[in-house]
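Read from first to last, the chains carry the letters A, B, C, D, E and F; within each, the first residue is number 1.
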Amino acid sequence: MKVAVYRKEHFNAAHRLFNPHWDKEKNDAVFGKCNNLNYHGHNYELVIKVTGEINPETGYVIDLKYLSELIKSQILDRFDHKNLNLDTEEFKNLNPTAENIAVVIYDILRPLLQKQYALKVRLYETERNFVEYPVD
Amino acid sequence: MKVAVYRKEHFNAAHRLFNPHWDKEKNDAVFGKCNNLNYHGHNYELVIKVTGEINPETGYVIDLKYLSELIKSQILDRFDHKNLNLDTEEFKNLNPTAENIAVVIYDILRPLLQKQYALKVRLYETERNFVEYPVD
Amino acid sequence: MKVAVYRKEHFNAAHRLFNPHWDKEKNDAVFGKCNNLNYHGHNYELVIKVTGEINPETGYVIDLKYLSELIKSQILDRFDHKNLNLDTEEFKNLNPTAENIAVVIYDILRPLLQKQYALKVRLYETERNFVEYPVD
Amino acid sequence: MKVAVYRKEHFNAAHRLFNPHWDKEKNDAVFGKCNNLNYHGHNYELVIKVTGEINPETGYVIDLKYLSELIKSQILDRFDHKNLNLDTEEFKNLNPTAENIAVVIYDILRPLLQKQYALKVRLYETERNFVEYPVD
Amino acid sequence: MKVAVYRKEHFNAAHRLFNPHWDKEKNDAVFGKCNNLNYHGHNYELVIKVTGEINPETGYVIDLKYLSELIKSQILDRFDHKNLNLDTEEFKNLNPTAENIAVVIYDILRPLLQKQYALKVRLYETERNFVEYPVD
Amino acid sequence: MKVAVYRKEHFNAAHRLFNPHWDKEKNDAVFGKCNNLNYHGHNYELVIKVTGEINPETGYVIDLKYLSELIKSQILDRFDHKNLNLDTEEFKNLNPTAENIAVVIYDILRPLLQKQYALKVRLYETERNFVEYPVD
């Protein structure tokens, strides 16, 4: 009896989108105002989905309090109130698009969850722009 | 031409999470304040997803007014403004976690929908904690 | 490394649900007040999901600014502040249910997206009634 | 001990904004696409605020179930799934802007509430456009 | 230069509405299913508004982190995951309507805030039912 | 017949909170992680409230399309996708707290609106932290 459980968290961060191998003109053409030299920022809403069997003794797939603390210690402490380009190892050489952030979050959490769980990451950069990884 | 249609409803209920085969210490360790002896409660948001072919005569997969009335008569009348542990048959011997509530709702509605429809239940216990059953 | 990206837009439109081959009694029985002769209306929320590989040069699956402009020029300019039954070619002979609107939007956008992208349409007619096409 | 209580309801309606004493050019200039000849529509969210003393026997300012039924019988039954311009007496000769709809709703409800209650109407035409009447 | 600042928090609690001086019939007539003997519950959303002068050294009216911690220690620790009727001193002899809960929260917080601040409490019992105290 | 009308817009920006006359220890003590040297950021939601008489010829207090364009040209073009500390004149010497941003926005818009209109600014820094200026 597999059920999916979701936990929603958020963090606030600054970022700038650009490709260091391109000149300013090309970066402006591709990334527009997201290439602002001095950064801009977002309230990121993060939804972590974990799928697994219900444990008959607890009625839980996974303790959402545990999952919330895992997200806090592994993701929020790393990215909240940070400049993704300057303050994090993960995006020193990786463009911090929503797509790449979602993949990075997945790659951090995946090894920390037991194998019987499936994991999916949804990340809202704004209410109107969001991404999901992996896809079914 | 299969389309998924969703109907969102809500109910308010009290519950307490615990395993009657465990002592107080273990229940507190696992369920924390959710094990409060005198119950606590939630505004549950319930999203029912029904997937099927569009009926070419109506343009509907299923009449959402009918689906809403089915949810009301079968689920809301049963659980709304109730104590899940004390007032319902379903959770007399089943821990009313969000996971178990979603499975119970599915098991109630599934036999009442025609076989050509696929059914999925999403249940929000809070805005930040929610579950889905079954999984793809 | 496939990621799904979503862009949310909205439009406001009037519509009336009915089957022109049925008499008033049958239309009233099936469509109720949605069959109001003089139309009623909605704020439609439209979520377009595009799935594809991350482009390693941009970190994007697809430029969401481009996707937003495509939705605006192809869907919003066509349906926003319109009477779906009277002002559009698409629903002259097709009942403008949420299901049918979602399929029509998919059929407009699909040929305009490159083949490597998968496309899915979610349409909210109200906060409580919404549909998705195609299904997995 | 005065407290304000709020009840939120919604209705869906079609409308068209125009001034019958103006020609098409002036109406188009002022009302733009809201002047679409065949109407467009909205999901209106209505929030009714009633201010009064807490009744010490009930702990209520006013029974919100009673208030909800009053809104349903007086406002929703009148405007829901209607064309405001064609189907209602109130807007036969009054432009159905959000401002005017809010005043009309106030004028309908005010005489039906006891004098000790203060009344305020908030009306959302969209998530981004809303109005309030009266002002403090 | 007075500015109002708001902090939103939430808690989950069970309650039952009734007047102990009335018999069951009268309580059922007035409180309906809210009088369920075994309680029901809600996710309460609490918005605390503090109005005061901007401190020119910090740019803050009040440190929202401090305000959040005050709400947590004084309100959430008291009411979260509790049965308001059974587990709290405040509602042993006071009907836990939204109106009364808002007044109680105000009366707890008011003496803990410096006099130069004005305080207002908004409490959502559900998305559709909410209250505010005091009124302007 | 005075009515208040509201228009909601948003912008995304980076900022850092600190007082240049204080040393790092004091800034860290007061502003915590909001003092991150390399900035962080937010999706700011901005609600502009304009109060005035309904124009009987239009049914409008003010054309919300005009108001929206005014906000875009005066506020969004200035602050969207910017670093408030580095890229704007307004916050070169003013700590960009939500309180100060709201006052700055008011001071920009006030002279651009005719005197018969009252103006109020609400600014959401996050869903849980927001401010309003001026106060009644």
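Convention: contacts are C-beta pairs under 8 Å (C-beta built on N, C-alpha and C of every residue); 3 or more make two chains touch, one makes a residue touch a chain.
Bear in mind that the values here come from a model prediction, so they are computed numbers and not experimental data.
Separation of chain A from chain D in touch steps, taking the shortest path, is 2.
Chains that touch both chain E and chain F are the following: D. The greatest centre-to-centre distance from chain A, using averaged C-alpha positions, is reached by D.
With centres defined as mean CA coordinates, chain C is found 28 Å away from chain B.
With centres set at the average Cα position, the gap from chain C to chain E is 41 Å. Among the residues of chain A, those in touch with two or more other chains are 127, 136.
Chain pairs that touch, as defined above: A-B, A-C, A-F, B-C, B-E, C-D, D-E, D-F, E-F. Across the complex, chain E meets chain B through its residues 10, 12-15, 33-34, 36, 38-43, 80-83, 86-87, 126-127.
The touching residues of chain C, when paired with chain B in their complex, are 17, 19, 30-32, 94-100, 102-103, 127-136.
Residues 1-9, 51, 54, 57-61, 63-65, 136 of chain B are the ones that touch chain C when the two sit in their complex.
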